[in-house]
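Read from first to last, the chains carry the letters A, B, C and D; within each, the first residue is number 1.
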Amino acid sequence: MNLPALVLQLLLLLLLAPLVSGVIKNWKAKLQNRRGPRPWQVYFDLAKFLRKDMVISEHTSWVFGFAPYVVFLSALLTGLMVPMVHLPAPLSLFGGVLAVVGLLALGRFFLALGGLDPASAFGGMGSSREMTLSAIAEPALMLAIFTVAITAKSTDLSQMALSTQSATWKLLNPAHVLAFAAMFVVLLAETGRIPVDNPATHLELTMIHEAMLLEYSGRHLAFMEWGASVKQLVLMTLLLNVFFPIGLAGPGAGAAALGISLLAYLAKLLALSAAVVVVETTNAKLRLFRVPDLLSAAFVLATLALLSTFLFH
Amino acid sequence: MNMNDFSATLLTCALGAYVAGIVGALLFQRAEKLANGVGFGLAAAGGVCGIFACASSLATGAATASQSFALFPSLIPYVRFGLRADALGCFFGMVVSLLGVALSIYSLGYVRGYYGHKNAGVLGAFFNLLLLATTLVFLADNAFFFLIAWELMALSAYCLVSFEHEHAETRNAGVLFFIMSHLGTGCLILGFLLLFQASGSYGFEGFHALGDKMPAARRNVVFLLFLIGFGVKAGMVPLHIWLPAAHPVAPSNVSALMSGVLIKTGIYGLARVCFDFLGTPPNWWGVTVLTLGTISAVLGVLYALMEHDLKRLLAYHSIENIGIILMGLGAALMFLHSGHPVLASLALIAGLYHTLNHAVFKALLFLGAGAVLHATHTRNMEDLGGLAKRMRWTTLCFLVGAVAISALPPLNGFVSEWLTYQSLLQGFGTTTSLIRLMFPLSGAMLALTGALAAACFVKAFGVTFLGQPRGDHARQAREVPFPMLLGQGILVAACVFLGLFPTVFLKLFDPLTRQLTGQQLSQQLTMADGLVLSGGPAQGGTVSTPGIALMLLCLLPVPLTLWALFARRAGTRIGPTWDCGQRGLTPQMQYTATGFSKPLRMIFKALFRPRREVQREYDFSPYFTTTLRFESHVEEVFQTRIYRPLRWLVLRASRRLRALQAGSLQAYLIYIFVTLLALLLFAL
Amino acid sequence: MNRTTPFALLTNGTALPWADVPEWPLPEFLRHVGAELDRGERLNSLFGVPEGGALRLVAVLAFDAGNTLVVGRSRPFSGSFPSLTATHSQAHLFEREIWEQHGAVPENHPWLKAVRKDHGAGPAVGDFFRVDGREIHEVAVGPVHAGIIEPGHFRFQCAGEEVLHLEIALGFQHRGIEEALAGGPHRATIYQMETVAGDTTIAHATAYASTLEALAGTEAPLRAQWLRAIALELERLANHTGDLGALAGDVAFLPTASACGKIRGDFLNLTAMLCGNRFGRGLVRPGGGPHDGGTERLGKLRERLETSLAEVQQAAVWLWDAASVRTRFEHTGHLHRKQATEIGLVGPAARACGLVRDVRFDHPAGWFRFAQVPVSVWPDGDVFARARVRWLEIQRSGEFLREQLDAAPDGETRSPLPPLAPDTLAVALVEGWRGEVCHAALTGADGRLRRYKITDPSFHNWTGLALALRGQAISDFPLCNKSFNLSYCGFDL
Amino acid sequence: MFVHDTLLNRLKRGCATMAYPAGPAPALPERHGGALRVEAAKCQADCAACVAVCPTEAVTRPPDRRVALDLGRCLFCAECVKACPTGAITQTGDHRLAVRRREDLVLGEAGNEQLRLAGVLDEKLRRLFRRSLKLRQVSAGGCNACEADTNVLGTIGWDLGRFGIQFVASPRHADGLLITGPVSKNMELALQKTYAAVPEPRIVIAVGACAIAGGPFVGHPQVHNGAGVLLPVDLFIPGCPPHPLTILDGLIRLLGRLEESGRKTG
């Protein structure tokens, strides 16, 4: 656990996360034939929210003010446990993939409580939907993780990346492809993307993630938005570096290898963002009671992935 | 005086304290304050002695070599009131003593609510009796003494459950509890008789590794009998119906004790029988226990989500957590069968560590629910809300309990579930048959259970403590007296300590795993001098809850520097919640508990089969409705599908049997003669 | 008209001396109106005319099959009157309005609540209907909504995600237009007529113009009527395209949503080519409009119309091809045909329930007497049906514009308006893009307006939305609301 | 395949957003007429032809003083332009109408033949909102035409998002209110509560003749004759309804992104 790697990864996490959601917004706009906001617009929004005053509802308790910090810090901590550029992640000793899933659940727990606190119907609606959908998505996510963990005989993310990195033909191993598909659907559900939830919607009765943030303002809102974009970056990195660890710098890598690894990582990130944008642009939002069917389809994919681990062993 | 005598003397002091508590509480019935103080004070003292006794014997490893000592000379043959503080007994003894201390301190404040209309002394007496009986069950060394203590526990629990017998609901729950636990005891007696037949004596050391000497068919029958017997007490799914009925009606400190310890006697029994008595198990034992555990976990949390009565919700969660413990034990049995003692002990540690964790955070949650009941006189979440501002400390304790039970880092629920995941994951490689698919699938079901538990406790905490008070009881709620907070505080400290320093407790498991599976894993599982918990094999994945907690604090400067950089001049204003510009929010506009879990009820409607009645009345046309009523119920599948037909069959059979007692003397003489003849023929 | 009726017949856009309107005592008048409604006729408007201290009720009914309107009035009465709503739900909102404006109480009216006025308690306060059940919670979506739409209060009674009952309280946009019309027409009246409902400017202005022309006994020059028909159809095209885009936007289907947003702007710019204002302000004046389109301007309009129609064709094809959109639209916000008839729905909402109701077909007036537009009907009554009806109307209006722009009548578009005849009643119906706009005007002895009644199509249709939501998921409310897309300011006046 | 078809069509059509403000402004419809210009000098001595014609009494000619035209009350119907014999009131065809102070809209005095265009926000607010302005729209009365034209700014042609300006769902996330409609009495409480829910520092923008002075409903007892009566307004954009180009010009002029965008794109 060396300090410079930890600080560097923390800075990378903080700066890259808003950029990724900004790029996704910009590409979505491009695909609608409009120029759209600059990719770095998200930074301006965050900076302005930080400077603004806050209006807090009279019904809220201390949980309302505590939740943004838990969401923000738990997202950052998961980011430090996931290998982004350098193979053993800075805090890989402190927790493997199970700890990452647990910390994301901790962030979601307090986000939902923050939604319920101001006693408004929309917050309650958002919390209820968020907890329901994440409960249905959890088994699919866990089974996909198990598939990779079993082949790597470890729940440590760096080990998992090493195991898929070592045997090259394993990249196209059907178990990995199916697990990747399942995790991609879960990624769409967790980050509130189009088939499940519409991030840019204006209709508070259809929101899932945004409904919980309706009461937050000023720096609380900035931490919540930043935490959500860091969580999105963490899930995308989990997807990329576990299933396609090409170019990931090994333990004793030099500066050059780290540079190549950074470039490979950014290229993969943009490719995954492009995939998310295409899905968002060509699909309508599912009816709320159809989303569990989508997530149970992801669960079936993960089970097939598990079966195929020992069929093609 | 070597360690052995020290822990033995402490143990007798504990039991003595309980007995003194019973006598003291009954003596001072008239003076309620005194009875309360004496009864629960002595219970607390007994608990403290118990903790030190068990902990010291476990820590010094004396438990493995301990002999049994007779409590008092027995006059009847075959019956010997012997206690033996072996590793398994000491571990569970520690659990009951720890809870005994916390709950007794809590009860000092809680029982004040009963002054005037209920007899606090009797409550204290039975409370001490229950603690005494439970400790004896864990330490009993002889089948007969075990059954006597078991029966004493069942009876005292029955009296405590029906303490508020003025409500019909309580009486019915008590009777149901009574019948179900005696069905279980019946199976236990048969099981012990079969064991006695094989080993010739009633002593537990006689039963040790008896399974290998018994014929396979008889061994399976013994296993099934004990599974049903202890399953009823533990609240396994098909046999669980008494638990959600009995726990809510009992006084809160009793339901905390029952949920925390009483159902753990079932786990103790299963562990003792499967690992100590019956030797290496066949594979199907482990598979059954794992399957029953998974089903209990998923169904327990699903039914908990449908509840809007706080204590029934917590009772169903007990079933869920028992399911998780059974998953650990089931996996351990399967690993024993396939010859992997290291993995078996890992799974056993996961199961037993979760037993300790569940005892602690479930008791904490029940104490929180008791505090809410004490302050608002209602358990229905639809009338609560807004308690966070009125009962600040209880809210904090309940939140810690909710985070722990939802298996969120860095608290103890996460650690034991992490160990369970590790054992399930490593279990995949143990066999090549299709059975190994059960491990990851039950792991996925464990994940579903964890996420649903988190959803359930967002609902429970959010609807009860946050937002606006929905009823005027909730509006006038005030913080509970100090002893109740102290009781909860002890358990919060236990939760945090168990969560942050698991490696310290792993050392206590060494004598236990050495006794049951012959392995000692504490070195293997601890890394970086106790800060990091490893999953066993090298590079197998590690977790460090102290590390997570420390890093959460170390990252705090990031938002604080952002605050200093940008938001120094930003102010804060308190304003009404945004209500789209209308004339203000009413409490009815908040989400209700049922509304919160309605999407899940729709998703799992095959299981719940929700029935709803909508009565719409209108004078002229349906467009102008005058009144609209909406009721919806979730069908209790087990009651209606299994127990009601069963009860009907039993009643019909008993009516037919009544014909035998026609009342004519000749008929009775003939019966006697026939049975005598049959026995003689049998004896030839 | 093949059957007799005690009412006086009146074709759309014509006037009738106030004395010739048949008059009965109140109970008999209500019985006659009830009888006609039982025969399946439609209530266009029911309003009170104050006469001295007392009040006189006037009813305008539409005999769609007979292609004529009928009018009747009651003798002056004071105090309360037996309510029609008990047997005919169509009249419930009119009776509440009479109670609110004139104080005459409809006896045992099942839902007597304020329509738009602020009775000291504000429109969104007071005893909202409440469902009793422990697990019911209320969701109140207040006047200020999340997007850029008009203010209205929706009070849902929900069991979790399912809506059991929706009550809509409007009145936030009430600007008192009818009250200002007494003694009219003033200088600002035509501008207020154009801003009754901004997106229905041409329909309301045409209805107002033809009412005054009927009272003055003249008719606008043919070219002016032709220009009004062109502008009306352009307005319909623009709003239906906007709605298809908004519907796609509500289900987050970005291709059609973004395309239709832009195309709606193009159609509005076509109207702006005629009169300089994107909503057609200043195009319609009583007696014929000031602006005239030159041949080359109309030619340019014709070409840009072609390109825009092609683009909207492409955008709509994506909408109908996407399976994920179709699953969201079908079986959402369903209204039966019987319900639609009982509450008297009009416009696309009615035609989507299978009712053949279109003023351009049943009561043609102005240029529609010479050029026919087929009625677009779809049977299912859900969001999909309403979207399909809009798509059919876009195609048919496009076809109508292609024909008419090629065969423009020549002549003047402006003619002075003679003074209004005293003591005369005139009724004008126009098929606005949301449905039937009905203007009824009564002049006093001095030839000034004594009573002027405006009925926007949304006045009939809001009850339809409240019914369509029963039993639906609350997350589908924005979609159902946008499929109706009713006007708040047209209802509030 | 459907996905492939939509993607190809999109890429073929390229970006449909207009170049403005970097490039030339799109043309107003030529019969629109744009802003008005009043030279009181040209007025004949006792002529009040324009005052008789104006529907909302925007044009006034007090006996001793010269003619005054209040663009805030004007519906841009251009009746006065037609009625004026000497051409004192003319249309300039200029789409820029946004002003910062209510009195900047009153034309007719010697130096004030035309409206005084809005300057940029004061430095503190400008630096805060220059790159990220989130507005909460409140429709308080009116006829929904101003809302429609504000909505059009969100479509792909105008694309308000590229300036960092966005309409948000909750006033908590907003930096200011964009008010349309004459603030009817029934909407007064809702407007006050929305304004109170917006965290400081906040701005208020009044769009359309109704929001400035009551529009065609000026003087009705049911309305408050504009948002200025209740809230401090920072920007007035006259018109009935103002053309989307006018609204866009007002917004980016307020943020000072008009002249600096002349230097670089977007």
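Definition applied: a contact is a pair of C-beta atoms (placed from the backbone, for glycine too) under 8 Å apart; a residue touches a chain by one contact, two chains touch by 3 or more.
Computed from a predicted structure; not experimentally measured.
*Asks:* Could you tell me which chain's Cα centre is nearest to the average position of every protein Cα atom shown?
*Replies:* Smallest offset from the overall C-alpha mean is found for A.
*Asks:* When A-D is set beside C-D, which has more C-beta pairs in contact?
*Replies:* Result of the comparison of A-D and C-D: C-D.
*Asks:* Distance from the CA centroid of subunit A to that of subunit D, rounded to the nearest Å?
*Replies:* It comes to 42 Å between the two C-alpha centres.
*Asks:* Just how far, in Å, is the C-alpha centre of subunit D from the one of subunit C?
*Replies:* Averaging C-alpha atoms per chain gives centres 29 Å apart.
*Asks:* Please report how many Å separate the Cα centroid of subunit B from that of subunit C, as a whole number.
*Replies:* Taking the average C-alpha coordinate of subunit B and of subunit C, the gap between them is 65 Å.
*Asks:* How many angstrom lie between the CA centroids of subunit A and subunit C, rounded to a whole number?
*Replies:* 48
*Asks:* Would you please write down the residue numbers of subunit C that are in contact with two or more other chains?
*Replies:* 122, 137-144, 146-148, 151, 160-161, 255, 258, 322
*Asks:* Mind pulling the residue numbers of subunit D that touch at least two other chains?
*Replies:* In subunit D, 2, 6, 10, 16, 138, 156, 167, 169-172, 189-190, 194, 197, 199-200 touch at least two other chains.
*Asks:* What residues in subunit B touch two or more of the other chains?
*Replies:* 571, 573, 575-576, 578-583, 585, 589-591, 595-599, 602
*Asks:* If each protein chain is taken as a node and each touching pair as an edge, is the resulting graph a line, ring, star, complete or other?
*Replies:* Per interface graph, the chains form a complete graph.
*Asks:* Which of the residues in subunit A end up touching subunit B in this complex?
*Replies:* It comes out as residues 10, 14, 47, 50-63, 69, 72-74, 76-77, 80, 91, 93-99, 101-103, 105-106, 108-109, 112-113, 116-121, 123-125, 127-129, 131-132, 134-143, 146-147, 149-150, 153-156, 159, 214-215, 218-219, 222-223, 288-289, 292, 299, 302-303, 306-307, 310.
*Asks:* List the residues on subunit C that touch subunit B in their complex, please.
*Replies:* 85-87, 89, 92, 108, 110-111, 122, 124-125, 129-145, 151, 153, 157-162, 164-165, 339, 342-343, 463, 467
*Asks:* Contact residues on subunit B for subunit A in the complex?
*Replies:* Residues 385-386, 388-389, 395, 399, 403, 406-409, 414, 418, 421-422, 425-426, 428-429, 432, 437, 440-441, 443-448, 450-452, 454-455, 457-459, 461-463, 465-468, 528, 532, 535, 537, 539-544, 547-548, 551-552, 555-556, 558-559, 562-563, 565-567, 569-579, 585, 587, 589-591, 595-600, 602-603.
*Asks:* Can you name the residues of subunit D that touch subunit A in the complex?
*Replies:* Subunit D residues touching subunit A: 2-3, 6-7, 10, 13-17, 128-129, 131-132, 134, 156, 159, 161-162, 164, 166-167, 169-170, 172-173, 175, 197-201, 266.
*Asks:* Of all residues in subunit C, which touch subunit A in the complex?
*Replies:* Going through subunit C, the ones touching subunit A are 137-141, 146-148, 160-161, 248, 250-255, 257-258, 322, 324-325, 327-328, 473-478.
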